[in-house]
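Common to both upcoming complexes is subunit A, partnered first by subunit B, then by subunit C.
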Partner chain A sequence: MKLLQEQTQKLKIGESLIIQTASRLLIPFIQLFGLYVIVHGHYSPGGGFQGGVILGASFVLLALAFDQKFSMQYMSEKTSGLLANTGALIFVGTGTLCAIFGGLFLHYSALDVLIPLGPIEWRSFGIFIVEVGVGLAVMSNMAILFWVLGSNGEMDEGL
Partner chain B sequence: MIWILDLLILSLLVICAIAAINIKDLLSATIIFGVYSFLMCLLWAEMGAVDVAFTEATVGAGISTVLFIAAILHTSRRSKD
Partner chain C sequence: MKALALFTTLVTGAVLLYGTMDFPAFGDPQSPASTHISAYFIEEAVHETHVPNLVTAVLGDYRGYDTMFETVVIYCAGLAVISVLRRKKSDKEDSRS
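Let's look at the complex of A and B:
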């Protein structure tokens, strides 16, 4: 009963030129689609969570096709933690600002006091701000979850 | 609601669920679980819940399959029971 990792090292699976070139071409379009899903989330199916998962999956694809170190050049462990906390702060901060300016938690039309756009415009814009926060948090959490699981918690070499 | 399509997807779903818990090879079980997730996504989309179907396709069939494979890589491939 052999470990999969030993078989992988012996057979040198994962060093394929075709897969590396295809993922180089695909990753910008995957990230563009993830941004579209986040930004267009309040008009059509999608939203912060799904778009964040798609953005995180692009980093997972980078780590699978190349190396974990190569993927961590583009988003380091520190940046990932910072982005996750920024996303959570945007979500809670928007809700708390609504509560401070006289509404309930996440009652966006109360933000009309801050910048006068009209309550209807603020209901649409508030959902957008919250979904950007959710997308940031989910993206960095999905990427760091895969890095920790793939490298056995040591973050030096992965799949 | 097209009930023939519904019945087809549901029967494939049950087959995939039974196969995923009975198979001994954990890598195969993971791939069959991905197929199960994608059939579930088709079923949600066919019933009109497109948002849930989107979540199921990205999380269930996309990320969780990769995470399962990353976890299997550090254990043995064949299950003991």
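Let's look at the complex of A and C:
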């Protein structure tokens, strides 16, 4: 109890212990659901864009409930930039690999030369790889956009 | 000037609405969109890609090029926002002193 009181006294204006505790509990499930939406895009509504937005929203919630520095402890500016690059690169790189291994651009069956899964299974698996790339790019871009716009470009305190 | 803008808006809107009258009815099975390639996707997509969700199959495979540039657009948006708005902390201290 005393610990809670001390914690509450340390809070700045606009921060609430209830909201912070609730977000602490919710954010793992939000992120898990985001991963589920990306991975389960083959069987249900969802996919890279939607799952990426859900994952990005978890970082936005973290930045709103606590402050931006706290949110950036979990994914730094550099990491998110790298992830955005990686995501776009995964998509374009998959397409280019298909072209290199003797198919058309983004014709995933051509990757059968690398790992023999069968041309049709590769079309399914290629979609999955590409969706993961989209998810990474969208997640980190959501977070970056919120951080930069919310902190006046300084990436410190935020809203 | 405001009246002119309102007039232009109304006329353009009326012309666009008039244009929609030539559209096929909503969900018309005989419309060109439904007869040309949608039928092929519905019949062949699961068999050709082994993805039960047709939307994902079309988005990720048949229209992969489109989806790729959607991703690139989002990536470019993030890049543009960072390069325009990001400031170093030292700038702020300089302007304060």
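The definition used in the following text is that the second predicted complex is superposed on the first by the 146 of 159 C-alpha atoms of A that agree within 3 Å, B and C clash if a C-alpha of one lies under 4 Å from a C-alpha of the other, contacts with A are read in each partner's own complex, and residues count from 1 in each chain.
What we mean here is this: a contact is a pair of C-beta atoms (placed from the backbone, for glycine too) under 8 Å apart; a residue touches a chain by one contact, two chains touch by 3 or more.
Worth saying up front: this structure is predicted, and the values here are computed from it rather than measured.
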| item | value |
| --- | --- |
| Touching partner for A:E154 - first (subunit B), second (subunit C), both, neither | second |
| Which superposed partner A:I54 touches (first subunit B, second subunit C, both, neither) | first |
| Touching partner for A:V130 - first (subunit B), second (subunit C), both, neither | second |
| Touched partner set for A:L145, first subunit B, second subunit C, both or neither | both |
| First, second, both or neither for A:L64, with subunit B first and subunit C second | first |
| Residue contacts with subunit A in the superposition, subunit B compared against subunit C | C |
| Touching both subunit C and subunit B, counted on subunit A across the two superposed complexes | 45, 47, 49, 145, 149, 152 |
| Residues of subunit A touching subunit C in the complex | 41-45, 47-49, 81, 84-85, 87-88, 91-92, 95, 105-106, 108, 120-121, 123-124, 126-127, 130-131, 133-134, 137-138, 140-141, 144-145, 148-149, 152-156 |
| Subunit B - residues contacting subunit A, complex | 27, 50-51, 53-55, 58-59, 62-63, 66-67, 70-74, 76-78 |
| Subunit C - residues contacting subunit A, complex | 48-53, 55-57, 59-61, 64-65, 67-68, 70-72, 74-75, 77-79, 81-82, 85-87, 89, 92 |
| In the complex with subunit B, residue positions of subunit A that touch it | 1, 3-5, 8, 37, 45-47, 49-50, 53-54, 56-57, 60, 64, 142, 145-146, 149-150, 152, 158-159 |
